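Input: a single structure, listed below in C-alpha cells.
Here the chain labels run A, B, C, D, E and F in written order, and each chain numbers its own residues starting at 1.
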Amino acid sequence: MLSRLLAALKGTEVSAHCDLPCGIYDPAQARIEAESVKAIITKYHASDDDAFKTRAVLIKEQRSDLVKHHLWVLWTDYFKPPHFEKYPELHTLFNDATKLAGASGTKGVLDVAVADQLLAKIDEISKIFWETKQA
Amino acid sequence: MLSRLLAALKGTEVSAHCDLPCGIYDPAQARIEAESVKAIITKYHASDDDAFKTRAVLIKEQRSDLVKHHLWVLWTDYFKPPHFEKYPELHTLFNDATKLAGASGTKGVLDVAVADQLLAKIDEISKIFWETKQA
Amino acid sequence: MLSRLLAALKGTEVSAHCDLPCGIYDPAQARIEAESVKAIITKYHASDDDAFKTRAVLIKEQRSDLVKHHLWVLWTDYFKPPHFEKYPELHTLFNDATKLAGASGTKGVLDVAVADQLLAKIDEISKIFWETKQA
Amino acid sequence: MLSRLLAALKGTEVSAHCDLPCGIYDPAQARIEAESVKAIITKYHASDDDAFKTRAVLIKEQRSDLVKHHLWVLWTDYFKPPHFEKYPELHTLFNDATKLAGASGTKGVLDVAVADQLLAKIDEISKIFWETKQA
Amino acid sequence: MLSRLLAALKGTEVSAHCDLPCGIYDPAQARIEAESVKAIITKYHASDDDAFKTRAVLIKEQRSDLVKHHLWVLWTDYFKPPHFEKYPELHTLFNDATKLAGASGTKGVLDVAVADQLLAKIDEISKIFWETKQA
Amino acid sequence: MLSRLLAALKGTEVSAHCDLPCGIYDPAQARIEAESVKAIITKYHASDDDAFKTRAVLIKEQRSDLVKHHLWVLWTDYFKPPHFEKYPELHTLFNDATKLAGASGTKGVLDVAVADQLLAKIDEISKIFWETKQA
C-alpha cells in the first residue's frame, strides 16, 4: 500500500491497458471489479428478494468476467519475459487469481471468503506490478 | 490529490459502478481510460506507420467511449439529488466532460491539449466525488 | 405526438446517434427499449415458470441498460449548450429518466408503473428533442 | 408511410426485439442505423482529414453490423412460417438486405447509392412488417 | 461426418467468418456453442443449487445467442445466390435452426431434445456447407 | 492431426468454453480466428484500396482479440494444476501465444510469418489439449 501511495505522490500512479499498447496499466482495474464482486455477494445474502438475487448472480458473473479480463491483460500485455524470470511465481499467481474469479471461484460460489482470497491474490499481483514499475 | 491519499490511507479508496448497485464507485476508472487516450494521441504523433495510426485512431475511439461510459455511470448511478443541490455545477461538469471524450473532444481530434482538458474535468469531478464520500 | 407525425410527413423523422457524429438522432431508440422493458415486466408477472422469470430479469437488465445508453447519447452528443439554456430542466429530466431505467428504476423493480414513468420521461425528452429539430 | 402514420395514431406504432420475446419489434431500428450509414458515407466524402476518414470507416462498420443484427432479429424472431407462406419473397428480401449491409454492401463500399439500396430494402421489409401487424 | 474428415485430411477444414471477408467460415463455430447449450441444460437438471440454475439460464441465453449469430453469418455472408438456387431448402433450414436457438427453442426451454434438434439442423447446414466448399 | 481425427471418429471432438462450466472446450475456436487473422493480412497486402486496408486493420484487431480471449479461457478454465505439472511449458506457451496475437504480434504487425508463428503455437497447445482429453 505504501508503494502505491508513494507512486501516487510522484504522479506515476496512473495505470493500465489497451493493446496499442498505450503503456497505461493499473491493477486497480481488476481490484475495483473484485471489490464489486465482494459487495454483490454481501448484498445477495442480505436480501430475500428473488429478483434481486437473480440480478446479483448475473451482475456477479459480469464483474467476475471483468476481473479475469483485466488480469489476463496484465499477464499477457504488461508482463514481459524478464519479469517472469525475476518472479517465477507470476504464472501461477495469475492462473490462480483468474481461476478464483471463475467457475470454481466467485462466479460459482456466493462466499465472501472466496472474494477475499481473490482480492488477496490481486494485492500480491499489484505489489509485484508496482515493484516492476519502480525498477 | 491529498483527499485521495487520505481516503486511500483510511482504506476507503476503493470504488466504482455496477448497477445492482454494489456501492463501489471510483472516478479512477474514467481517469485511467483518459490517461490511455492521452498516451495514444502522443504515440500517434510519434509514429509514421499508417497501420499503427489506424490502430491508434480506433483504440482511441474505444477508450474515449469507456471514459464517457464511466462518467455517465457516476452521473446517473452515484450522484443523487442532494449532491446536485449542493454542487449545482455538476450537471454541466459531466456534460462538458463527456463531450470532451466525444466527437468534439478526444474522439474527433488528435490534440494532447484536449486530452488534458478532459483529464482536468475528471479531476474536478473526482474532487467532488471524494468530498461526498467523506461527508 | 402531433409534432412527431408532422415531422414524419415532412420526411424529417429520421433519427439518432453514432459519435462520428452522423447527425442522425432519434428518441425512438430509447422508447423502443423502454416499451420492451414494460412488456417484459408484464410477461414476468403473467408467468409462473422460474426459468422464464430468470430470463425476464436478465433481459430487463439489458434492455434497461440500452435505455440508459440511448438517453446518455442524446444528452451528451445531441444536446448543445444553447439547448440547455433554452430548456433548463433538461439536465434533471435526463438524470431522472436514466435513474428510472437503473437500480432504483426498471432494473431494480418489477412494477409496470415505473416503466410507465420512464416512458413518460422519454416522451418529455422526445417532445423537446423534436422542438429543437424544428427550430 | 401512410400505414405507419395510421399505426402511430392508433398507438400501435411501437416496435421491435428482445428474445424473451417481449413482442416489441420495429423495423425503425434497422432503418435508423442505415440512415446513419448513409450519413457517414456522405461525411466521409466531404472530408479530407485522414483520421476522420478512418473513424468514418470504423463507425460505418459498426453501424452496418447493427443493421444486419436488427434485420436478422426480425427475420428469425418476428416472422413466423405463415408469414413466409404469404410473402414468399421474404427470405430473399432479408438475405439481400443483410448482404447490402455487409462486405459486398455498405461495409465494403463508400457509395451513397448502395446505402440507398439498403434503405429501399428496409422499406420493403417495413411495409410487409406493418401489413402483418395490421392483420 | 466423413466429408468433414476428408476435408480435414486435405487440410481444408479451416473455417468461418469475419466480414472483411476473410473467407474463413466454419459451421463448427455454431456447433461448439450448441454443444455447450446442450451440456448446460443437462447440468441444469442435475443441480439443485438455485444460484447455479440462474447461472445456467443466463449462460444458456448467451450461448444460444452465439449459435444464432454464427448461423446468421453463414446465411448472409457465406452463402451466395447460386447456393440458394442449388439448395432451395437453405433459407428454411437457417430460419428453423436460428428459431431453435431462440425463444421458442433453447433460450426458452430446458429440454435436451430441443438442443439435439438444434444440433441436427446445424449438421444439415454443415453437410451442405462442406459440399459447397468441395465444389 | 491424427489424434484429432481419431477423436472426431469417436465423437469426442467437440469442444470449448463457457464458464458454467459446460465442459465443452476446443482449441479450434482460437485456430479459426487465427486463420482469419492470417487471411486478413494476406488480403491487406493484395489491396491498394485505403478504406479496405483500414477495415482490414480494424478487423484484424478484433480477430486477434478473439484469439487471445479463446486462449485465455483454455489457460484459466480448462487447464488444471495437474496439467501444469505434467506440461511445465504450458504457461510460457500460452503467454507466448497470446503475446503473438497482441501488440507485439498480429495486432501490431502485418506479417504473414507472425500469423504462422501464432498458428504454430496454437497447434502446440492443441496437441497438448487433445492429449489431456484422451488421458
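General observations
Going forward, a residue touches a chain if its C-beta (ideal position, glycine included) is under 8 Å from a C-beta of that chain, and two chains touch if they have at least 3 such contacts.
All values derive from a computational prediction rather than experimental measurement.
Separation of chain B from chain F in touch steps, taking the shortest path, is 1. Both copies, chain A and chain F, contribute mostly matching positions to the interface they share, with over half of the numbers common to the two.
In terms of their C-alpha centroids, the spacing between chain D and chain E amounts to 24 Å. Centre-to-centre separation of chain C and chain D, using mean CA positions: 20 Å.
Inter-chain centre distance (chain B to chain D, centres taken as mean C-alpha positions): 34 Å. Chain D has its Cα centroid 40 Å from the Cα centroid of chain A. Within chain D, contacts with two or more other chains are made by residues 19-20, 54-55, 58-59, 107. In terms of inter-chain touching, the protein chains here follow a pattern that is not a line, ring, star or complete graph. This structure has the following touching chain pairs: A-B, A-C, A-E, A-F, B-C, B-D, B-F, C-D, C-E, D-E, D-F, E-F.
Of all the residues in chain A, the ones that touch chain B in their complex are 1, 4-5, 8-9, 14-20, 22-24, 26, 28-29, 31-32, 35-36, 39-40, 43, 55-56, 59, 62-63. The touching residues of chain C, when paired with chain E in their complex, are 50-52, 54-55, 58-59.
The residues of chain F lying in touch with chain B in their complex are 53-54, 57-58, 61, 107-108, 110.
Across the complex, chain C is touched by residues 19-21, 65, 68, 72, 75-77, 84, 91-92, 95, 98-99, 102-103, 107 of chain B.
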